[in-house]
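Per-chain residue numbering starts at 1, and chain names A, B, C, D, E, F, G, H, I and J are given in the order in which the chains are listed.
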Amino acid sequence: MLFHVHMTVNIPLDLDKIYVDELKAREKNLSQELQRQGKWTHIWRIAGKYANISIFNVASAGELHDLLLSLPLFPFMEIEVTALCQHGSSVKNEEEAH
Amino acid sequence: MLFHVHMTVNIPLDLDKIYVDELKAREKNLSQELQRQGKWTHIWRIAGKYANISIFNVASAGELHDLLLSLPLFPFMEIEVTALCQHGSSVKNEEEAH
Amino acid sequence: MLFHVHMTVNIPLDLDKIYVDELKAREKNLSQELQRQGKWTHIWRIAGKYANISIFNVASAGELHDLLLSLPLFPFMEIEVTALCQHGSSVKNEEEAH
Amino acid sequence: MLFHVHMTVNIPLDLDKIYVDELKAREKNLSQELQRQGKWTHIWRIAGKYANISIFNVASAGELHDLLLSLPLFPFMEIEVTALCQHGSSVKNEEEAH
Amino acid sequence: MLFHVHMTVNIPLDLDKIYVDELKAREKNLSQELQRQGKWTHIWRIAGKYANISIFNVASAGELHDLLLSLPLFPFMEIEVTALCQHGSSVKNEEEAH
Amino acid sequence: MLFHVHMTVNIPLDLDKIYVDELKAREKNLSQELQRQGKWTHIWRIAGKYANISIFNVASAGELHDLLLSLPLFPFMEIEVTALCQHGSSVKNEEEAH
Amino acid sequence: MLFHVHMTVNIPLDLDKIYVDELKAREKNLSQELQRQGKWTHIWRIAGKYANISIFNVASAGELHDLLLSLPLFPFMEIEVTALCQHGSSVKNEEEAH
Amino acid sequence: MLFHVHMTVNIPLDLDKIYVDELKAREKNLSQELQRQGKWTHIWRIAGKYANISIFNVASAGELHDLLLSLPLFPFMEIEVTALCQHGSSVKNEEEAH
Amino acid sequence: MLFHVHMTVNIPLDLDKIYVDELKAREKNLSQELQRQGKWTHIWRIAGKYANISIFNVASAGELHDLLLSLPLFPFMEIEVTALCQHGSSVKNEEEAH
Amino acid sequence: MLFHVHMTVNIPLDLDKIYVDELKAREKNLSQELQRQGKWTHIWRIAGKYANISIFNVASAGELHDLLLSLPLFPFMEIEVTALCQHGSSVKNEEEAH
């Protein structure tokens, strides 16, 4: 199942900088691990914003939910999830079997 | 340059069906041609809507604009364009040199 | 996979009444058939509106999309789809295996 | 009477963790008790959000209001209530007598 | 059950004037009949708009829905329904038994 | 003059509980006094929200403004005011002479 | 009573030009008559839009409503009404006795 | 040049009361001085809100900007500015030469 | 005076093509004439939309209004006007004397 | 590549004034340096708001993103980015070669 996920990050400015940097490092590691597993297939930076657009390829909405909640930066995120599916014009089989 | 493009299609219900089907066929051909050229790198259907989310990889906003205006269904579309760029966590070099 | 689908129907007032009634009858039959198959698990009327909130239990977003597009009233609908999943507090196994 | 209730939870990040966990535990117990009583007929998690969509079957809006205000997490919730009623196409008698 | 109903009326300007006046007359009669029955307890005009705010006192959302759909001007209305209940500070028993 | 007033209350969670309860008590007394004077003709609770919809019958917008500002909970309120007037279909003379 | 009224005019492009010009002329006459009577105290053009912001000084919301409905262009208008009152800092007695 | 300025004031509740009252007094003085100079031609209170609608008659947007920034309450304000101009129906020459 | 003007063009699809092309040609001529006069200092295409963002340098809002209304495509435009002024950080004197 | 960037600045009122002034000074220096380099081609103040509209001429969205993130006031900004391109009516070659 493919999901389009728009994540906007708002970290309170008065949080301890070292703690925040540590969170960001853990976030990057987890994200890259999930990318290598093929679950997090794309992540793009939105120009000018502390936000990204990502594509997830997972077994179900439940798995997506658990992955997103496991992100270290989840508590600081506004997340919009859109369910995607194969487009009749796509030349790729985007919905790789899971 | 990477662009996230959200296209919602509203074709008036009273348009001649044969004309509309012909438009849709030309739209599909052009889209697939641009996908094969690597300009239109992804197109996903938004579940439940006559709309898609696409990723374009083009030289400039000008080229994107011309491509979108050349789509047979452009007159019936609401389009939102978002400029994307490489995310620090991405394990892929998404911004393939154009 | 569970989906929450909010459908608002806007049928042009100048459409032929017999044609519209026939569409509505076909819509009701298809909806009830899908309910009996267990795909369309709930449909509620929103008080005061020509709109409903429904719950679908289908294999994927792709199947949901095809079902919604097959509805006779689809061309007259505004549809919002929200991906749902099992809630930790639910006493029911809502995500019946499909 | 059937109500569709959309609850979004925003717990301040600086609240004491033990206190919050205790609130969440009491919330889960009360929710499950109300589900067993048949008042809180469905609760689904919205994928990617600390939010749920629920269906309540209660005697009146007054009873709904009192139930929602009794939830331990009510002070941290944004709640949208929509009055539902039996849909002409539903194959179930959703408005079970209260 | 008390409902707050906000009705905005948009009658196409090209509709036959006699037909529209006849609809408005039937609307007024039905409204006044429901007011005398105590179901439609208040109707106020919103200054400057072809819209009203009304309070209904009915047995259920289902009854409200049927009443609203029976209004001759329903096809031309945008309707927002809000479920109300007794306020702790009210000196009146607003939720008169139905 | 009739006004429709929608009041949503947001009391910061970290305010002293005793102070808040005292504010609420003064709010209730003042509201009930104004109701007995016939200025605050209706107050309904919006199901599921710490908000109310009220109808005021006062001499002018100026008097309404002063009344609302005198409410102990005014500093914690978002208020929307809509000017109402007699509806042609109303069987009651809602705009009692002030 | 002072009212701030924001009027946006949308005249269908396919309406007969002579009829529209005639409507506009009648609109201008009525507006200027009401200005001379002191009911329509200000009318400003919003730069770049077929819209105006006006101030009315009338006895009640009912009178405002009747005046606005009497405007030849009313059927083509979106109107927002805001109730105003004397500001504590104003050096003028804006709420001239009516 | 005429400008319509909508100012909404949100003063944090935990600010020192004496400091706030002192700010409000300076605000009133400055406002009244600018009114006497003919730059701030109108200020009305929006009924029910800590907000006002004002009309400024100044040489340029730059002058308006400097005036607004000089207001003691500016840091607590949300401001919407709309450029106005003479309306063809106005019986007054609103754009007094500056 | 500098104005930021956002113009979105919606030309009905059923308008005669020759008439529309003629309108567009006149629009382009007038725009370029105003650019050469230094009144229309910038016009950029918004990528993916039949819309532009322009900067005007004119004597007053009145002059801006008259210019915009004189555009052949004005009847098909949604226009948002924002008053600009010199920014303290700008290295250019943007507000050239008019 | 041309980008239209709308920046709204919200600096918490309780931040140390000296620190804030120092940030603003660094912001001004960096902005002016980028303007002299031709990357930040325009910056206008929005009348009445602590916000600006700017035009950037950079090699890519990536470069824009890095520039914006390097602004000392970035953490206090809401930023909207719109991709621009050459307009067919522009008499200038706005997209100077980068």
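One rule holds for everything that comes next: a residue touches a chain if its C-beta (ideal position, glycine included) is under 8 Å from a C-beta of that chain, and two chains touch if they have at least 3 such contacts.
All values derive from a computational prediction rather than experimental measurement.
Looking at subunit B and subunit E, the chains that touch each of them are C. Listed by label, the chains that touch subunit I and also subunit J are B, H.
Once the centre of each chain is set as its mean CA position, subunit E and subunit H turn out to be 40 Å apart. In terms of their C-alpha centroids, the spacing between subunit D and subunit G amounts to 46 Å. Within subunit C, the positions touching two or more other chains are listed as 2-3, 45-48, 61-62, 64-65, 81, 83-86. Chain contacts here follow an irregular pattern that is not a line, a ring, a star or a complete set.
Here, these are the chain pairs in contact: A-B, A-C, A-D, A-J, B-C, B-I, B-J, C-D, C-E, D-E, D-F, E-F, E-G, F-G, F-H, G-H, G-I, H-I, H-J, I-J. Taken together, the subunit J residues at the contact with subunit H in this complex read 13, 45-49. Of all the residues in subunit I, the ones that touch subunit H in their complex are 1-3, 60-62, 64-65, 81, 83-86, 95. Every residue of subunit I that touches subunit J in the complex is listed here, in rising order: 2, 4, 27-28, 31-32, 35-36, 42-48, 52-53, 55, 82-92, 94. Contacts from subunit D toward subunit F in the complex involve residues 3, 5, 12, 61-62, 64-65, 68, 75-76, 79-81.
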